[in-house]
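I'd like to ask you about the structure that follows.
Chains: A, B, C, D, E, F, G and H, in written order; residue numbering restarts at 1 for each.
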Amino acid sequence: MPKKKDATKIVFESEKDVPMMPMSLGSMLFNKTGSWRNIRPEIKLEECIQCGICWKFCPDMSIEIENEWPVVDYDFCKGCGICAEECPTKCIVMVEERK
Amino acid sequence: MKKVIMGNHALSYGAMLARSEVIAAYPITPQTQVVELLSEMCADGTLHAKFIKVESEHSAMAACIGASLAGARTFTATSSQGLALMHEMLHWASGGRHPVVMGNINRSMAPGWSIWTDQNDSLSQRDTGWMQFYCASNQEVLDTTIQAFKVSEALYIPSMVILDAFALSHTYEVVDVPDQAVVDRFLPRFKPYARVTPDEPHAFNGLTGPENYFELRYKLQKDMERGPALIEETGLEFERLFGRRLRLVDDYLCDDAEIILVTSGTAGYTARVAVDQMRKAGLKVGNLRMRVFRPFPFDACRRILPKAKKIAVVDRNISYGHHGMFAQEVKSALYQHAGHPPVFSFIAGLGGRDITPGTFREVVDYTKAHETPEDNILWIGVKK
Amino acid sequence: MIEIRFHGRGGQGTVVASKILADALAKEGNYVQAYPEFGVERRGAPVFSFIRIDAKPIYDKSRIYAPDHVVVVDPTLVEASDVTEGLKDGGWIIINSDKPPDHFKFPAKFRVATVNATGIAVKHKLGTLAAPIVNTAVAGAIVRLLKLTKLESLLAAIKEAISIKPEDNQKAAAEAYEKVAAYMK
Amino acid sequence: MKKPKKMTMTLPAEEYVGSGNLACQGCGANLALRYVLKALGLRTILCIPACCWAVIDGAFPHSCVSVPIFHCAFETAASSATGVKAGLEMIGDHETTVVAWAGDGGTFDIGLQALSGAAERNDNIIYVCYDNEAYMNTGIQRSSATPYGAWTTTTPVKFFKDQPKKDIDAIMAAHSIPYQATASIAFPEDLIKKMKKARDIKGTRFFHIYAPCPTGWKSRPEDAVKLARMVVQNGIFPLYEVEHGEKYTLNIKVKDKKPIDDYFKLQGRFRHLKPEHLQAIQAEVDRQWARLLKKCEQS
Amino acid sequence: MKKVIMGNHALSYGAMLARSEVIAAYPITPQTQVVELLSEMCADGTLHAKFIKVESEHSAMAACIGASLAGARTFTATSSQGLALMHEMLHWASGGRHPVVMGNINRSMAPGWSIWTDQNDSLSQRDTGWMQFYCASNQEVLDTTIQAFKVSEALYIPSMVILDAFALSHTYEVVDVPDQAVVDRFLPRFKPYARVTPDEPHAFNGLTGPENYFELRYKLQKDMERGPALIEETGLEFERLFGRRLRLVDDYLCDDAEIILVTSGTAGYTARVAVDQMRKAGLKVGNLRMRVFRPFPFDACRRILPKAKKIAVVDRNISYGHHGMFAQEVKSALYQHAGHPPVFSFIAGLGGRDITPGTFREVVDYTKAHETPEDNILWIGVKK
Amino acid sequence: MKKPKKMTMTLPAEEYVGSGNLACQGCGANLALRYVLKALGLRTILCIPACCWAVIDGAFPHSCVSVPIFHCAFETAASSATGVKAGLEMIGDHETTVVAWAGDGGTFDIGLQALSGAAERNDNIIYVCYDNEAYMNTGIQRSSATPYGAWTTTTPVKFFKDQPKKDIDAIMAAHSIPYQATASIAFPEDLIKKMKKARDIKGTRFFHIYAPCPTGWKSRPEDAVKLARMVVQNGIFPLYEVEHGEKYTLNIKVKDKKPIDDYFKLQGRFRHLKPEHLQAIQAEVDRQWARLLKKCEQS
Amino acid sequence: MPKKKDATKIVFESEKDVPMMPMSLGSMLFNKTGSWRNIRPEIKLEECIQCGICWKFCPDMSIEIENEWPVVDYDFCKGCGICAEECPTKCIVMVEERK
Amino acid sequence: MIEIRFHGRGGQGTVVASKILADALAKEGNYVQAYPEFGVERRGAPVFSFIRIDAKPIYDKSRIYAPDHVVVVDPTLVEASDVTEGLKDGGWIIINSDKPPDHFKFPAKFRVATVNATGIAVKHKLGTLAAPIVNTAVAGAIVRLLKLTKLESLLAAIKEAISIKPEDNQKAAAEAYEKVAAYMK
């Protein structure tokens, strides 16, 4: 479903472009929810034991796993702090967002 | 093949011949025989369909919408309170563009409880975006049901096939039941342009902001406006296959009429009888039976009605605080029109009070005797 | 156009009589309209049903107020109700009864016939002794008396419409058809 | 940097709920659907009535979820799903799992009748209720799932909810459906295991998922998972399954049941409660816990 | 006493000052603040009423009807889907003559889900026998709520007080909150002429045959027809007590207008701004804001509108398959009328698309430029 | 003629349901209301939704009942009663008993949600469901109260109802209402005793009354009471009460439980059932009976 | 409530007589349901033990008790046969209705 | 008529600032109209609110597209969004920031002022450190800068409208009222 992967917001030019039915044609990836964040998670990988718990509990699919290590996707991370709260080694710290 | 059947069974046969695939319905007098026969047909395999015996009409329409969105041809039937309980879902079916077809038996709205006919139940759904067909005979009920599927699925707009309580629903008439093969030619399988399926995932009917909603609804209206032509067209095709023409309106002796009656439902046929009687008595009266109310047949009305000196609309319904709904809409349709005969707005037969040829003679007597109506509403048959 | 009113009781399926008649008449290209009373039916309570018959399409959908003939399916209704209400002059009053017509006192402007449909039904074991099903017998009498259609059409209609004991019902209809002849002038 | 050892992943890796969605920070409902779809996969259709998820998904013409969704009317989650399933069957798709996905209001209150009807007919759908214990999408009004004592905008502090939470699980058990289970977003492995089990059962299946709502509970976003864990450990929301309305099985065995106080302290919606209230609540929790254990033993 | 409050709270204050005795309501955006404030008022004793927190709008209206029949003054509030779900019970309230008062926040009907304003929700209830008041300011919302109780209880006909989503419901304005004592003078306790009580047992709303139903409904319409005069009357009494006149229609510079705009709701106030602008530019434009839609103000329309050369009705609603509902009914109201200016039927602002002074300038530009409308519907602001 | 000894009268003498009503011959529903009003007396208001009783009462401007009736919409028995009660309270009548009087369809199906809502709020009403196991007023269509195996016009013989009867009593017990009971028109003394008890309890009270329908069951009118007796004695419809959803008490102790066959034989709606069906049904009845006894012991 | 006792059917002359609300004004006693009867109960009092069971189970309140004996009110008795069925001494017999 | 647009974040209660302003202005007989963004608000997400002020009744119920001034309640939004969209020439851009106005680069046709509302709020312990409640301070600055009303009215309005720590809020407003003066030419 290539449509779904499309990260750009769909804006219709005219009613002709609008489908007949109210139906989705694109994903929500254009909506960079990172801008909602007031505090940001930072991972101290040296203390990370790769337990995957942060990934498991991130409500916004914003912990990615890059060659076996957890990486925060700041484009979408809303800064809820669950990862830091749940991290067994407390190696994720929430810091004031410096936008 | 000719059968003597009741109007409710004419609906069932229509749904069966249309090869309805999903039926979700809830019983209510005077609709019950529709679902009873259909559940028998499903039981003995005459009809290959899923019959969902829902716990309310609200769920009936919800299930029909879901099934329609999944790509199945869906049918239901109800009446009065049941139709009213569906109201929210009626908006849903049209706004979501789900071509469900529903039979509705006209029954007066409670309270007090009434199981007898008037049109307030279906006409108070006139703003929900459904097409509305008013039938005058069991034959028309069956034929219209099949036509309704064709039109609905072409426009992605749901349809209501409407018949009077008892006067049609429980009345046996001779009906020519068309044979399946020919119906299949008229009405091929339902192949929606979009449906809910993992094969091509979409989210349907979701949150729609002010930047898009207007256009979606504009489309709905534009497709509604394609309706009248399409109904005439499919009505002609139907005639070629079955020898019976299905039109927007059924005009009887209107060409030279000085007074044209505007009628609907079974009263629209009874009016013909009165017209014949009055013609014999030398009165130039005609009858315009409105078979389709939504989409409103503007052109037909504007073509036929202005010929008359006076128009007498007989409504078996009322919009409280305004007046009869057919009268109201006929007036607004003719408003801009050149020739602009006075419209007399009569109300008769609420709550199942009988409408007889005499009713129409009374109507015409009044209309003849007055230049213009003395009141917004002229009541016929109220014990004043 | 002929209009007939049936007087019966809830549970007797009076409408079936008019429905069978309709079937039979339709077979010969007639237009018919048959309907029960509009409303709540209770077992034992007096009810009506109606039928309209014509050679051309029937557009009148209003109810029947002045029937050409009436049929009294349940004899007890002759006293219990005014069966002649609205009945046209010269109209037949066809009563299911073992009594002769003159047993019933009606104005001279009406014609009276009786047929022991109950007896016939019982004889052919239609329904139960307590509640015999008399509709087909009644229909047979009507067809003959009012010269509405050929017996054959009625029998054919019965065959199609009635699932339980069609033959016996045909016999009952035929017998009533014969027996009622007596009253035809 | 240390040489990478394998990252532990106790859940299926695929994601079917996408980022960019409109859920609040730390939304439990968001996690709930994420887990459910990990269990069910792509051949799933969701019927979502009015609820927070009708917004989370995003606005036309967008959607954050990779499976098809039928956004349906508030009270029609079950009947819509029944309809969709019937439609699929008739056009020859016998494989797709149809899921009704509703909030507690859409399940305990306005959608209960449709749910009960589907259960009675044993319609072949999975009904999932994510429970955040109030009408959140409309701004925190009480539902019959709101627990005793809680503040909502329609149960003001002076007049806090004085009825217990409606026991939807007992109600569904009374319908003797083939399978039903409770679940919590703090125990995704358990949730996914049960959801996979349910997928392969025919008939009406019911899930009741505990999904904390920071916004509505006046709790900290980071506590969402913690609260969902505490509520299981203190016995307020035990995780169990019921087969045919009779066979009860406790899925998460809680050895030393925790007191409820900490759980209440973390939530602003309970701030006004006095110790005596909490004691009363604790007593009721213990009573119900005992009843449940009994049911499990006896079956 | 002056307060800056949102429209939803204006409704709550109205219900509070009217001393509503039973409130049964269910939350829905954008109505929630109405019930939230009312439940607070009940909690802290500001209002002595039973607040029933029902499980659906259908039950909300059912409970209100029950309470009203028991003799209590009842209030509820809802919007869009919730109103639609009540549909069956709306018929019930009017047919049973239960003077319930309800606030409705205009919100577009799903699908797609919309929480933004248009009038299709309330206007598709136009045939249910309720009175309908469309408000343009928070002050009017509060005042109208109080007036609605008075009129409803005099006629035994329920009323809907209607306001636009967000533009009023969530917008803070300065509102003069009248004091209780004076309101009590205007609106005494509810003393129904019949109620359900063991002290005088009656069965209400039971089975009603064709021999009586018609007369009962005739009475309902006759009482509806007493509405307009009564609304003007009570509106004057209200003015005497509170200094604010409540009228059927709010006509602005219509006397010498060549083009009269027909508007309603908040758009009816925005139109005034446009009128002022156009007047400055030398255009003779007026604005008729319809405050009451049911009972339809026939006389007011027939008195004011025919003065104009052209009439431009701007509908924030549509009856699919026909056209805008205000336009439709204005036409039918003027149909019989002597002076008979062309009516231009515009549709704008569906699904919450904003209606600005510019919208009306566009409307007037078109109307000026054309002798008669080129189409049944003239769309403003659709991205064509 | 023998010298008159006193006539034995085991029920209150007053009649509040009048003759001339429109019930069929031998209508169980008619008896049900007759008994209930004997228990509650004149200070009672009935809220009757669409059902046979909406017709039995008679047509405007007539009524066969001596207490006031609010004929309400089909799905609103509970919510209408709640409203009436609230209204009475506000105008100062705190004494009148408000009764929702509905059929099984109006209770098990379309009215369930309103009932559940009232129960959750513990609204102060008595809800009575007279159960004739189908939609009779509309001509015998299946309801979720229709028992397994029964014919109705929507469950034709070829396709008879293949779901068990919805267990409304268990559903209501799950609501933990203060009082609920089953009753049968064959045991009026028991019915009246329990109804009087219920009248003096505050909160939501629920009655489930078995009311045979000769017309719909294709049974002989004279068998109405007999059937209502058999169904208790064979354990299909035990008479018991439940307090607060937990305390079960069996009211009519059946010593030797009868087999179900005779009961089925007397009803045309079951004529098509084969012996194996009856065996299966018997087995299920025995199972449920055992479950009930257990509940009674344990509470 | 004298209204309720009134046995005559109320027929309104005009809409003026019709109340504003659909509400009852009279009883159903005008409706002599005895006419529905096809079989009638006859009580052999000599065998009657005055147990009151017939009275208890009559669905139509058509067994009256006149100085301690059961009497059928044929105006309303619909002929269901329950009394006969339930009578312990079988002293009620149902006979063909001779109307 | 003056129209002002506020830029804030969900959860900051930006609408409260405009509401308090409205209260204050109403006290002096002004007509006001204050409204939040129409739609779904999410904590942290950028949101607007609006206010219209006039000496005579305000009939325009349409939304504000060309504000006379804008107020940026959350400084991070200066980059995150185009705060000048539709802003009228000569309009004030009032930013909650500890930076001086010239720290922000805007076209010369706009006037820029900053007030450290966050600092003031923190100082007076309004809200939490993580989420200080800055509305009253912001309001103080606006009132002074735009000469909308007397400080007294604002303080009175705060007293009535704010239930938690009214005094501290008043202090914050007063302090902002003073501090912002600097930028007035």
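The rule we apply is simple: contacts are C-beta pairs under 8 Å (C-beta built on N, C-alpha and C of every residue); 3 or more make two chains touch, one makes a residue touch a chain.
Please read these numbers as outputs of a predicted model, since none were measured by experiment.
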Check: What pair of chains is linked by the most C-beta contacts?
Finding: B-E
Check: So which chain is farthest from subunit H, going by the mean of the CA atoms in each chain?
Finding: C
Note to self: Just the number, please: Cα centre separation of subunit C and subunit D in whole Å.
What the structure shows: 64
Check: Using the average of all C-alpha atoms in each chain as its centre, how far is it in Å between subunit B and subunit H?
Finding: 57
Item checked: Distance from subunit G to subunit F - Cα centre to Cα centre, in angstrom -> 23
Note to self: Quick check: how many Å separate the C-alpha centres of subunit C and subunit H?
What the structure shows: 88
Note to self: Can you pull out the residues of subunit A that are in contact with at least two other chains?
What the structure shows: 1, 4, 12, 14-15, 19, 22-25, 33, 36, 78-79
Notebook entry, point to check: Which subunit D residues touch at least two other chains?
Noted result: 22-25, 54-55, 57-58, 60-61, 63, 66, 69, 71, 73, 75, 109-110, 112-113, 116-117, 120-121, 144
Margin query: I need the residues of subunit B touching at least two other chains; which ones are they?
Written below: 53, 55-56, 58, 81, 85, 88, 92, 95-96, 110-113, 116, 200-212, 215-216, 218, 352, 354, 382-383
Margin query: Using the touch definition from the top, list the residues of subunit E that touch subunit B in their complex.
Written below: 58, 81, 84-85, 87-88, 91-92, 94-96, 108-114, 116, 120, 123-124, 126-129, 131, 204-218, 220-221, 224-225, 227, 294-296, 298, 318-323, 325, 327-329, 331-332, 334-336, 340, 342-343, 349-354, 372-373, 376-377, 379, 381-383
Next item on the list: Provide the residue numbers of subunit H that touch subunit D in the complex, in ascending order.
Entry: 40, 42-44
Notebook entry, point to check: Can you list the subunit H residues touching subunit E in their complex?
Noted result: 18-19, 22-23, 26, 31-36, 38-40, 58-63
Checklist line | subunit A - residues contacting subunit D, complex | finding: 1, 4, 9-10, 12, 19, 22-33, 36, 45-46, 50-52, 55-57, 59-62, 65, 67-70, 73, 75-76, 78-82, 84-86, 94
Checklist line | Parts of subunit D lying in touch with subunit B, wherever the complex brings them together | finding: 42-45, 47, 54-55, 57-61, 63, 65-73, 75-76, 78-91, 93, 96, 113-114, 116-117, 120-121, 123
